[in-house]
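One structure follows; several queries about it will come next.
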């Protein structure tokens, strides 16, 4: 516990030094990486620990982004709007979890995937509140300079990632983490041993939603402009999963390492292949799955592992 | 009268949907693989029909005959060569695998065909059939009929042929089928081939109706998800019922709630059905 | 992890090393993959044609020197945040001097904050919404007039042509530009005393318009106004015919301006009207690299075959305008070029170009046209009219 | 049968249907504290269903289940477990990737009422000691032999601090040496005051362990009573034991 915590503090201190480089593009990449980190760490609660293949990240992200944006549009201060986004995501995850976590395997995956689609269309349709397909503009925070803005959002995302990571450290060693492992291994046996599986799964789902919701709100403030297809992008869900698979290793650092690795790969491929970068990314994914199954499989997938 | 026309629209659309989903459902049910490639297969089938018509003047109805063996071979090779290696892995990995393959295929199509939308225009057009005040486009109608015939044929193959019965046996109980001497891996490859065949053939049919572009794959894939859940996995009649249901629901949904909500409605329906009846409207229990 | 970062950094340096002093580098984030990718092809063609023309003439005159033009493309995957990221990458990593905005109003607006931050003069070739320009930014300029400059003349012509057009049905894609223009249409129609009997949006990715069209048929409108991208409007036109939905006037925006829409609808394109910011039939004699509109079209046909559409022409115009501004400024100093753009008042092949106080062009009169005999025929403005608006779309 | 307050488990009029199939019909049964009750009957008689209904896996279609003075008819498995109903499965169900110790710790933590993971772990060690698995405490449960896994199931059940232990064919698949050890353990558990209901096919085991026997047939309770009486009961002989067994018993006994 202590060793992990120390390593984490060192890692985050290292990341926190990035603004010293003074390069705004690196700042942007750093902020994106931390956002990816939040996505991966959060997915790990429900996907890695409880073993439920959730594709709901995009739903939480979009919900958070729009909650934060609409709240700010209605005059709520930024920090409060972010908090509100977290609360909305938390409550939504609780309600959604109660309904969907009874499903297993592919069925849960599909249902959670579709939630983002439904939310996107609802947001799209609520033109009065959200601007619908025309998108939504956010007030630009009154900060000294654009550079200061970049630094501010970087640290905001860093703080969120650190919080999510600290939560992982605590959960892994808690009753909740233990119970989730039992559920992941054999849900009905866990039930027979006195684990309140519904409550634990919903708790994990809520943890997987709350930080992503706040990340969405920070992201909306950072970009000043959001539109439904961008924030309810199914790729947020897919990327979260791929990152955890990549970093994997079942360790608490897995998601973080996966996020850094994935962003680096994405950036390298994007830079070097103009027309075929998605194809190259696809090839990389295929190769990883085919030839690094050990690395990828070190996470045990519980109920959905068994066909 | 309005309702009657909308019901007709919905049923015709639903017939096409059934064909989109049949192969996807089969692969999901038998292999327990969510084939993300399915949408791109349909698009590829569309391009095949488009070029067959624009270059060689081959009617899309005949293009199916070319598409069928080609796509079967493509699917068979893909499964035997790649996916079979991963078949025992957790479902999320096979899903990720087909997702990666799909990124490659759709990118390849983008480079090869460009993103421009194309449309196969039959010359002369097949026209419109009028039944009183009811109007039915003949191209859609015949494509639907052919789609349903194709789906029916798949059903017959599964029910009557030796290989079809082996597929059904593997779907019911993999271990037992293996004990009875069924070569499970070969059955997987054949099943995936059949799935690809259905995708390619339905793509060829849809080319007459929808504009084709590498970008529309995900739209078809989304429909296939919904239909599978509505109808239940791995069952061909399920895909038919699911497809027709979706077509009618979307049509009346657009009428009652406005066209912007038609898609939302179908997805909401999916979630509700999953929560209330996880095995689908026709499905049997016991599938994971 | 550190090693990977080092790898990325290495790649970045490698990319930047390609930068040479005697070229003008212009960044162009384009949606080469994803749903908007058909649009990227058009933009790229326009930019390329300009760069080719400028370089063939020896380069851009900068004071006494001549500098070659190089356009640096980045794919932003049809994803707005990526577009912003791409813009920042182009400025900070690829060291471009100037920028062309990403496609459409939304992405252009989002990316404009980045170019403003670095003081990079940026020309938006496809952003029409007034909200893109009213942020008080000084470095953003656009070649499209606001949306109502399309629907207003259109409504006037229809009104003039047939007083009987009273009932209007509007079906719009729920997306930034298609929805905005549909809302302008509603205003224009109401202003002229027409009644809007149907106004619905359809979701992105809609595969079937039969229900909406059946309802429109039941409402028996005189004028059907539909918006969307090429694929939407191909499908919709086909389904209108399938359902025998006919009306005196059918307007679709923006697809009929594109040759692929005409190709994909075949005979069904006949008599469908539309409006756009530019049309190959316009006749301006410009002082830009392309000279007159005719010579631009010729040059286009020589390179690509086929006629350029407004989006393609706008991209080329963005380049031509930037070139003139640089030559006027006599330097590639960003602030000076920006001032030259703000003071710009010249005629180009694209039309008279003068940017208002917000940076959006104010001097253009967008043409209205109708597909007649498989070809777009201009029906407005009077100066370049090729024919009269015909009624009846079957 | 005295359905007094002292009965630990009391079923009254319990039925359970699966679709059209009646797996249990109208069962009345009381188990007193400290009893070891044998549950016997042919395959498909409803024995496992009965255990499932008591432990909350299935809900009774009709009738009521009372446990320790409370109505537990509608409880879910984890709630039953926390009230002191522990069970083993015919097919053992460990958490395969966890160590043996972790498996038992989970039981102590979630059903045994231990306050912290550390306390639960030390409890778990004691239970492993008791069942003789201390040596393999840190091995993954998946690596255990069948006999060891059965003992692990017992350790888990004990860690739950049960008042009632439901054993479903805990001896199936064991050889006679292993079985003797298992029987020893069960006696030890009973000696701690845990009430036990055991489903068992081997009459030898039933007779040596149980103070009372309950017989199910086609979902109905056809007999209940002391072992000596049951083996002579005409209906039990017909339904389950068979003539030859009864004859052998009579001859031998």
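First chain written, first letter: the chains are A, B, C and D, and each begins at residue 1.
What we mean here is this: a contact is a pair of C-beta atoms (placed from the backbone, for glycine too) under 8 Å apart; a residue touches a chain by one contact, two chains touch by 3 or more.
Please read all numbers here as calculations on a predicted model, not as lab measurements.
Trainee: What are the mutual neighbours of chain A and chain C in this structure?
Mentor: A chain counts here if it touches both chain A and chain C, which gives B.
Trainee: Using each chain's Cα centroid, which is most distant from the centroid of chain A?
Mentor: So the farthest one, by centre of C-alpha atoms, is D.
Trainee: Taking each chain's centre as the average of its Cα atoms, which chain lies closest to the overall Cα centroid?
Mentor: A
Trainee: Does A-D or A-B have more contacting C-beta pairs?
Mentor: Between the chain pairs A-D and A-B, A-B carries more contacts.
Trainee: On a C-alpha centroid basis, what's the spacing between chain A and chain D, in Å?
Mentor: Here the centre of chain D sits 44 Å away from the centre of chain A.
Trainee: Can you work out the whole-Å distance between the CA centroids of chain B and chain D?
Mentor: 50
Trainee: For chain C and chain D, let me know how many angstrom lie between their CA-based centres, rounded off.
Mentor: 76
Trainee: Using CA atom averages as chain centres, what separation in Å is found between chain A and chain B?
Mentor: 32
Trainee: Check each residue of chain A and list the ones that touch at least two other chains.
Mentor: In chain A, the residues touching two or more other chains are 121, 124-125, 275, 278.
Trainee: I need the residues of chain C touching at least two other chains; which ones are they?
Mentor: Residues 33, 35, 174, 201, 203 of chain C each touch two or more of the other chains.
Trainee: Name the residues of chain D that each touch 2 or more other chains.
Mentor: Counting only residues that touch two or more other chains, chain D contributes none.
Trainee: Which chain pairs here would you call touching?
Mentor: By the stated definition, chains touch in these pairs: A-B, A-C, A-D, B-C.
Trainee: Give the list of chain C residues in touch with chain B in this complex.
Mentor: Per the stated touch rule, the residues are 33-35, 37-38, 40-41, 171, 174, 200-203, 205-212, 214-215, 218, 230-231, 234-235, 238-239, 241-244, 260, 263-266.
Trainee: Show me the residue ranges of chain B that touch chain A in the complex, using the header's touch definition.
Mentor: 28, 32, 34, 82, 85-86, 88-93, 95-97, 99-104, 106-108, 110-111, 174, 222, 225-226, 229, 260-261, 263-264, 267-268, 270-271, 274-275, 278, 288
Trainee: Within the complex, which stretch of chain A touches chain D?
Mentor: My answer: residues 173-175, 178-179, 181-182, 185-186, 188-197, 300.
Trainee: Okay, in this complex, where on chain C does chain A touch?
Mentor: Against chain A, chain C makes touches at 1, 4-5, 7-8, 11-12, 15, 32-33, 35, 73-75, 77, 79-81, 84-85, 88-89, 92-93, 106, 109-110, 113, 116-117, 131, 173-176, 178-180, 201, 203-204.
Trainee: For the complex, which residues does chain B have touching chain C?
Mentor: Checking each residue of chain B against chain C gives 2, 5-6, 9-10, 13, 107, 110, 114-119, 121, 123, 128, 135, 137, 140, 209-211, 213, 215-216, 219, 222-223, 250-255, 258-264.
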